[in-house]
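Look for chain A in each of the two complexes below; its partner is chain B in the first and chain C in the second.
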Partner chain A sequence: MTTHGNKGQMRIIEAILASFIIMFALSFANIFAITPTSPKYEVTELQKLGYNVLHDLDEQALLARFIYNAEWDNITAALRVLLPLDVYFNMTVYELHDSSTRAINNATIFYGDIETFVTSKNVASVTYGLAGYATKINGTYQALYEPRIVALQLVRG
Partner chain B sequence: MVNAVYDHLIAILVVGAMFVGTVVVLPSMSFVNLQAVDQQQLRNTALNVFNAMLLDPGDPADWGSIDPNWSSGAVKRFGLAPGQNSTFYVLDPDKVQRLVKGNPLGELSYAEAKDLLGLQGYGFSFRIIPPFNVTNVNGTKIDTEHSPLEFVGPPTYNTLRCAIKVSYLDGRPIPNATVQGTLFYTSKDDFFITPSNKDLTDALGICRKDTALCIGQGDIKSLITVLSVTVSDVATIVVIYKSGSVNIVDINLVRDTMILTRTLETPRDNVWINNATFIRGGKELVYLFNSSRKNDKDYQLNTGAKRMWERSFYGLSKYDPVVFVLNFWAVDKDGRGRSEIVIAGPCQNLMGYSVFEYGDPPRSSHSVVKIQRSVVISSMTYTAELWLWKESP
Partner chain C sequence: MKRFMKNKNGQFVIIAVLMIAIMIISIGALMHRAVTYYKHEPWEEYLTLIGSIELNSRSLVELSLANYTNTDSPDLNILRTHLEKWQINLTRIYPGYGITLNYTLIDSGLVCDWNKNASFSAANTTFDLNINSIGLKEFKFNAVAHLNLTILNVNNSTNEITATVKEENEVPIFNLKKDNFLVEGSNITSVTSSYDEQYMLVYIIIFEGTITTPVTVTVWDQRGIKVTARYSID
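Right after this comes the complex of A and B.
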């Protein structure tokens, strides 16, 4: 009788131990689960947003004017009003120079906290090309081929 | 025998506790993941819907410009992009105006739009907001009760003082924003347009400007100020009504046709249009027409009809008119005889500080996804926002 009772208790203890093992295995597997909140989605959204804003500025003939006339304060203010409040940006303008690129903005085109750009895993980068800008030469407007590359980094603050 | 019963009872209790524990613990373990899946699914849906709204012209491609027999039933697919020569994120003003509640020429209701977008089981709110705020100096919204305009310069009070604050959407002030106003006002028999000088906001985002008027406050029958506020060439327009200007008609624009429709304030007596002007793309003032005299039949409104007056102006929409200001010869609201009255339109809730909202307000009890894009309507930049949530589990 006693032997039978001990056997039953052992079965229960085994079952408890087995359930703990299952629970442990599940929670351990959970650590390695790939959730849909992957950085890829956030970065894609920020890239779309960045391209959208640059395209809108270009559409209104403002982007080329700001860049070719070196109106860095204006482009900073325009990006600040057009991007959502929680999106920080850092823009660099390059010119093509002897098959290499050279940053030409002598003032920072930046908004936000520099630390966020360093620590955040979700930094999006958008590149936008401009071929040239029409300037008045001998009384007529002419656009010379003077390519500029705009690199816009975005991060959510 | 008794021991065996105890063993069974204990076993049942332990297995029951394990079952309850598992039911409680396991879902909570994967709850975060389930929530993330749900949120991402909602985000994907919102992105698809927003793209359809902003990048697709819909079907028919000119569904917003169908006139005079517009019917929401004619819209087979929803989309706000222009039908022709469309670039990304440029919206058709005719289609946007069809979303304005109470549009006298016909509107597309929220339920119909939801149906067309295939959003059964979801709720959404679509907002178009200016890229920055223009408010009273104390931060209150500009409206008829809280006007930034004040007559100064006793004894005739022939100077109009305007004090506004320009700030980012988070409330931080914007210094060096350019503020330019155009004053449209009438006396009993005359119509005046006075442009003001360009001024800049100070470090606190505040701009105070005085503009001398041709007549004193006592002689002014109606007055509208159209402020054009520009931050780095990104402009917003604010229309401010002051003393006597009531919407005696609604101004509508469908493609190149201006249509004036009846309102509750429309007088029963004859009404003539004397002058029509508009401001294009947040920039210059354009004179559309001046009627030759107050009894000109071509410019007399049909007081018996809902559509009181309409006329096409070839190529008008190409000028990107944002605000029309019309001067009428009509009986004033107090019935004290005829005078000239200025009104502005169309779609005042699209102009200036006001937020254009379409759909249900976002519900805090649901998991809500918000997406923003910058859009262009009539050469003016706005921020379009979509809030989407699930209504059914």
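Right after this comes the complex of A and C.
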């Protein structure tokens, strides 16, 4: 065992310790770092919001009722209640045929400023599918498979 | 200069130390990325997508059973036909996700056992969901729709029929009204529900006049599923 060899070992240990100190310092700083919301994630956040709102309405059996009974005012009111005030929305409901789709909402399901949808760079689009709905017509139940697509556009005003 | 040339070992140690330091920092950076990667992955969006497919596949099974039980000439293949269409339509509703929904049915997947004291309508399908874009493979879920009607008693002196209505997992259905019931050969005056120690919830159907046995009662739940039960006094 020589003195040179001991020095080398110590240097390695020092370097490893220094590296660990740097790593811990970086990790510690990262915990307390408050990064500004990136516009890159703005669309993802809005999509998340849109999916959650539609899924919540569907779980409560309200979405299918509103869509299949053409209760456009009710769905607009529900979205206005469930979405934050600064989030504007534009919804279109499509009927799915064998080879085509057709928009069926004759009334607009809309809230906000139309200009914002044109000018904003962060417009999120969410699609949600519904299989069908059972309705009581003239005292008899009719349960038909009528798939519909709900397309919801969201933008922050 | 000569001293440096002699101390070759020390230089190699320094190079080795630097390399180890670079390796440790690289591993640290890699681990940091691996640990924080989940923050930017839209998990909620994926969960909602899976949830919406599951929810609407269940609705499909329920409405197929409602369709089957409400038709005069029922189509035994109605559930299979709907499921085949739903498989195709899912790829159109959610393009780009790489969704494949497979299903397993036992026979037609639909069973009706009517005109007995305890009658039921049921549907059962097992699904297998794959979403390639998020790496989801063979996510299995079961969709069961079930409605049971049991006539417990018919009392002609008080014009009362006592019955229980239960859905999946023997859960009593609470929100049924006069419009949900039909008594063959008589008009319903009122329908009330009350707590029962044995059955948890029983419906008392008050009918007009007298009816002869066997008494046939039909019920529709909020999903439109129909069951007809028959009660005869032996």
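In the analysis below, the second predicted complex is superposed on the first by the 110 of 157 C-alpha atoms of A that agree within 3 Å, B and C clash if a C-alpha of one lies under 4 Å from a C-alpha of the other, contacts with A are read in each partner's own complex, and residues count from 1 in each chain.
We take it that contacts are C-beta pairs under 8 Å (C-beta built on N, C-alpha and C of every residue); 3 or more make two chains touch, one makes a residue touch a chain.
The model shown is predicted, which means the values in this text are computed figures rather than measured ones.
Trainee: Regarding the shared-chain residue A:N52, is it in contact with chain B (first), chain C (second), both, or neither?
Mentor: Both: A:N52 reaches chain B and chain C.
Trainee: Is A:R80 touching anything from chain B or chain C once the two structures are fitted on A? First, second, both or neither.
Mentor: The first partner, chain B, only.
Trainee: Check the residue A:L26 against both partner chains and state whether it touches chain B (first), chain C (second), both, or neither.
Mentor: It touches chain B and chain C both.
Trainee: Can A:Y41 be said to touch chain B (first), chain C (second), both, or neither?
Mentor: both
Trainee: Using the touch definition from the top, say if A:Y141 reaches chain B (first), chain C (second), both or neither.
Mentor: Only chain C is touched by A:Y141; chain B is not.
Trainee: One more residue to check, A:Q60. First (chain B), second (chain C), both or neither?
Mentor: After superposing on A, A:Q60 lies in contact with chain B but is clear of chain C.
Trainee: Have a look at where A:A15 lands relative to chain B and chain C in the superposition and call it first, second, both or neither.
Mentor: A:A15 sits against chain B and chain C alike.
Trainee: After overlaying the two complexes on chain A, where does the chain B footprint on chain A coincide with the chain C footprint?
Mentor: 4, 8, 11-12, 15-16, 19, 23, 26-27, 30, 41, 52, 55, 59
Trainee: For a test of understanding, state which residues of chain A touch chain C in their complex under the given definition.
Mentor: So the residues of chain A touching chain C come out as 4, 7-8, 11-12, 14-16, 18-20, 22-23, 26-27, 30, 41, 44, 47-48, 51-52, 54-55, 58-59, 64, 96, 101, 127-136, 139-145, 147, 149.
Trainee: Spell out the part of chain C that touches chain A in their complex, as residue ranges.
Mentor: For chain C paired with chain A, touching residues are 7, 9-10, 13-14, 16-18, 20-21, 24-25, 28, 32, 36, 40, 42, 44-45, 48-49, 51-53, 55-57, 59-60, 62-64, 66-67, 70, 82, 85-86, 89-90, 92-94, 179, 220, 223-224, 226.
Trainee: Mind listing the chain B positions that touch chain A in their complex?
Mentor: Within the complex, chain B touches chain A at residues 3-4, 7-8, 10-11, 14-15, 18, 22, 25-26, 29-30, 32-33, 36-37, 39-41, 43, 47, 87-90, 131-132, 168-170, 174, 231-234, 371-376, 379, 381, 383.
Trainee: What residues of chain A sit close enough to touch chain B in their complex?
Mentor: So the residues of chain A in touch with chain B come to 1, 4-5, 8-9, 11-12, 15-16, 19, 23, 26-27, 30, 33, 35-37, 41, 45, 49, 52-53, 55-56, 59-60, 62, 65-66, 71, 73-75, 77-78, 80-85.
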